[in-house]
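In the two complexes that follow, chain A is the common piece, with chain B as its partner first and chain C second.
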Partner chain A sequence: MANQLIICEHCDCVYEKVTLARHQKALCLRCAGVLQRYNGLSVQQRLALTLTAAVLWTFANFYPVMSISLQGLKSSATLWDSVVALSLGPITFIALVAAISIIIAPVFQLLLLMWVLSFALSGKRSPAFRLCMRWLEALRPWSMLEVCLLGAMVAVFKLAGMLDVIPGTGLFALAVLSLLLIRIAGRDVRDLWDTV
Partner chain B sequence: MTSHPTDTPQAPGSPAIKTRRFSVSLVWIVPIVAVLVGISLVVHSILQQGPTITLNFKTGSGLTANKTEVKYRNVVIGQVTDVALSDDQKSVNATVQLAKQAESFTRADSQFWVVRPRIGAGGVSGIDTLLSGDYIGADIGQSETRAKQFKGLENPPPITYGEPGKRFTLHTQTLGSLDIGSPVYYRKIEVGQVVAYELDAEGKGVNVEVFVHAPNDAYVTENTRFWNASGIDLSVGANGFALKTESLSSMLVGGIAFRAPPYSPNDKPADEARTFELFDDQDSALAPPNGEGQYMALRFDQALRGLKVGAPVEFLGVEFGKVVSINLDFDAKKRSFPLNVGIVIYPQLLGQAHTKLLKVMNHDPNDEAAGVQLIGSFIENGLRAQARSGNLLTGQLYIALDFYPKADKVKFDPSLRPVSIPTIPGNLEQLQEKLENIVNKINQLPIERIAGNLDSNLVELRKGLTQFNAKTLPGVQNTLADVSKTLQSASSTLAEDSPQREQLTQTLDELGRMSRSLRELSDYLGRHPESLIRGRPDNAAPLDLQGPPRK
Partner chain C sequence: MNTPPTASELALCLCHSCGLSCDMRAGPTECERCGAPLHRRKVSSLTRTWAYMLTALALYVPANLLPVMNTTMLGSGADSTIMSGVLEFWQHGAWDIALIIFIASIAVPGIKFVSLTLLLVTVQRNSLWARKERSKLFRFVELIGYWSMLDVIVVALVAALVKFQALGTIEPRLGILFFGLVVVFTMLAAMSFDPRLIWETPHNKETSDDVTSH
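Moving on to the complex of A and B:
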């Protein structure tokens, strides 16, 4: 079957798709690039995790990521506050990039996943399945929650010496969300092409 | 399978398989947990949320939405969520989200104010807000009714509820330099402060509310007198200068001091919210009470330079009132400018005289008409007011009420209010009058004629003198020369070596010799009385006196 072939994305070598067991991955013979990984997630699990991620995204956006205080001077910020702060800065364009990479891209990813997976759960292809799948692929490089997380962590550790830094609920939600997104919106979403 | 021996060759039947219509994976627990956590967070924050109130401030200075906190005893009990202009744009409404446990702050008489750095003469407060930014201070009220709208105070209330102590109201004529926060001293120790002041209902005085902290509030007794301790009290007495002040800060921001008179038997601590009089100074506060004042009018015909409002009024030398007004009037009939002087007297200050008089006259102090009648009878007996000079240097006058039985009779009008007391000119004026009379008499003397006579007399005298000089004086001189000569000769006569003196000495010697021979003669005669008859025998006389032997 034509759709049982797989092409190495690094060197364009064509292979036949294999079914992998746990802890296994398929490597390209020519360039040793990873072709396939074992995908332990069923559609149902993926959908469940997607919903969890959606809840976490809500937390991450509405609860302060961290609050700092110095001699009674107090300040706390959510993800949106950081975007607003950037937009007030000299380069407003950066605010747009930040908004896309830490708020808009993840939420689109989650919405598309939910849309596609909820149909896939009953074995159907969702309307506009192709568009959705292509967008999912396109959004992946723009979703940079883990970068944001690392930035926030660095800020927390750097400020801890000077001020009282209290990591907020949002930071924990952000951490879990970025891990979850790697898991659920990874490259193996493409398996949906075969399963439905 | 076939290798196993079996008892029955019957092939195993396949069991019926039933597929669950919905196979639910355990993984769904994860989103459910996430949602539950989310719900619990939301519910928690909703439960933590107390009531929302609106505070109305004059300005929004220092108020920032979602940043400014509401604190009670420095614990955060809420946060400002919104700052907006009021509908009439005359004030600022701050919406405050209170915490759950701060629900009691919605009592209708709760107080809210903005804490910001304040530097005053009384002290410095709110320094911490320099760093942390302003916050809203709160104080729980005690009212049972709840409110959503509160008026924010412009200044922090000096006393918060629940502070142990007592509040008292002081009534005074003017506020003076007092202000909210002015200290209250007891024996120079700060024990309380002024918490509020307002005009009284009629606008004729000021009610000052003070708070005295426990346990010192026990020293405020029924008998306690309060006085204004503001400023410096410099007095000059027989002992020299005395400078009195409560403290440096009271000099700047004013202050109130209180104390009971030293002799206050059966004194009890005063009840809360009792009203006291606030005196101007310590002396008047601790003086015996004035009692009720009585206003009287005096009308003077002469100028009263040196009479000031507040000058004392004395009765037989006892001070018992003061001057309250001095007004110039115009008398159309006499075409003169008399002075109307209003005085207030406190008969109670006369002490025993007052009480005994009341007893003797069987007079009720509240019966006004009888009191006026009494004054009328005094005037009948010669009671007069007089402006006297209290101090010759400064020329200050005081009013003296005294009895002048010889004074001209004056008709007393008992219906006039305030009661009018007739006056007589002051003693300085009387003196002036007498002096004037003297001057007038002097003026009437025929001084020119006297001077003319005197002049001609002097001319005569001069003539006489000239004559005397020309004629009499030379004669006198000659006489004097003669006298001098006489004296000279006298002195030469009496000199040591003058011939007269020599002769005198000889004469005296002769006399001595003569007296010796006389003594001898008398001795001889004593021994030889017969010699008077017979003559002297030869042996009778001493050898030297014996006559030549008779032959």
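Moving on to the complex of A and C:
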């Protein structure tokens, strides 16, 4: 019975779950917070998108996000290079924050999703399912790839004033990856609790 | 208005990790489904939100006053703060980029400080004023939270790229550390705030205090 009830996380009102059609969402009567959102992804589709995202993650991390040239000298930087650039000097701590938000959190989200979803494909709960699902919840606010994408674009404009800037493979991979991650690692991952 | 029953009236509690409605009659301390700890309200929500927010506010000062990066071109170096970066874009006619950086780095933390203070003060005064709008305000604060990391990423990328020794280098400076800490602490502040406190009336507040003190 408890599974059929839904509690508004913003004001504690209790509702019965409803079945939503495409593009529909259920709002709380009292505080107008979102209770339920239509989730159009099957487990197969989500797994397929996760594998795509994993490939894009390797592109985004191993190819330079952008390169510049100044009087014949060339230089390029990957996401990791930019974390390293922060780690020099007395500000190392911020490099850790940046590393978590643009590299570590996204890769853990992808690994956990791949693990959980590949078992869910055959209707089974993966080993350590509870732990994995709780980590997926905990990582979400700290994964900031979409901010990283906007930051990379601002950096392109910032440098374009003084030298030649060439956006790299990494930037395009980053653009698609950040959008994919919003779609596959969002709150609706919780539906797995009911389906497997 | 005809409002639905609340979770405490039905002896239920929302699990924040998996979203299950947990039956509290047997007094469980963790969610039966995912094992996350259960709380009717986030633990000492107001105190923690105040603490994180005031920490962030204190760090916001050096974050804006200290230089975030140093640009050395052909021997002559210059420090730049967040605001001087915005002004530079503005003067070069790139008002759109200037606006993006201004909103992400200066306006967003400012909006968060004002909004969280408003939410904290009204909750502490058990205010019934504009509760729906205050709920919406909190969701907005949660949504905009991490966009302030923008400048940290920009400085990191630019510093990683421009390394031409004598011709030119860009190095990060101490300001960016404080800036990143502001973002982290305002995010922690928003996470510690329990929006359900907005809907608590003095009457049901007593009962929920009993439950949280077990």
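Keep in mind that, in the parts below, the second predicted complex is superposed on the first by the 195 of 196 C-alpha atoms of A that agree within 3 Å, B and C clash if a C-alpha of one lies under 4 Å from a C-alpha of the other, contacts with A are read in each partner's own complex, and residues count from 1 in each chain.
Operating definition for what follows: contacts are C-beta pairs under 8 Å (C-beta built on N, C-alpha and C of every residue); 3 or more make two chains touch, one makes a residue touch a chain.
Nothing here was measured: the structure is a model prediction, and the numbers come from that model.
Overlaying the two complexes via chain A leaves chain B and chain C side by side, clear of any clash. Contact with neither chain B nor chain C is seen for A:D188 once the two complexes are overlaid on the shared chain. Considering which of chain B and chain C touches more of chain A, the answer is C. Touch criterion met: A:A48 reaches chain B, while chain C stays clear of it.
Of the two partner chains placed by the overlay, only chain B lies in contact with A:F59; chain C stays clear of it. With chain A as the corner point and C-alpha centres for all three chains, the angle toward chain B and chain C works out to 100 degrees, nearest 10.
By the touch criterion stated above, A:M162 is placed in contact with chain C alone, chain B being left untouched.
Once both structures are fitted on chain A, no C-alpha atom of chain B lies closer than 6 Å to one of chain C. Overlap of the chain B and chain C interfaces on chain A comprises residues 71, 73, 75. Residues 23-25, 27-28, 30-31, 33-35, 37-38, 41, 67, 69, 128, 131-133 of chain B are the ones that touch chain A when the two sit in their complex.
The residues of chain C lying in touch with chain A in their complex are 1, 3-8, 10, 12-14, 16-23, 33-36, 73, 85, 89, 92, 94, 97, 100-101, 104, 131-132, 135-136, 138-139, 145-147, 149-164, 167-168, 171-174, 176-177, 179-181, 183-184, 187, 191, 195-196, 198-199.
The touching residues of chain A, when paired with chain B in their complex, are 42, 44-45, 48-49, 51-52, 55-56, 58-59, 63, 71-75, 169.
On chain A, the positions that touch chain C within their shared complex are 2-3, 5-7, 9-15, 29-33, 65-68, 70-71, 73, 75-77, 81-86, 88-91, 93-95, 97-98, 101-102, 130, 133-134, 137, 141, 144, 147-148, 150-152, 154-155, 157-159, 161-163, 190, 193.
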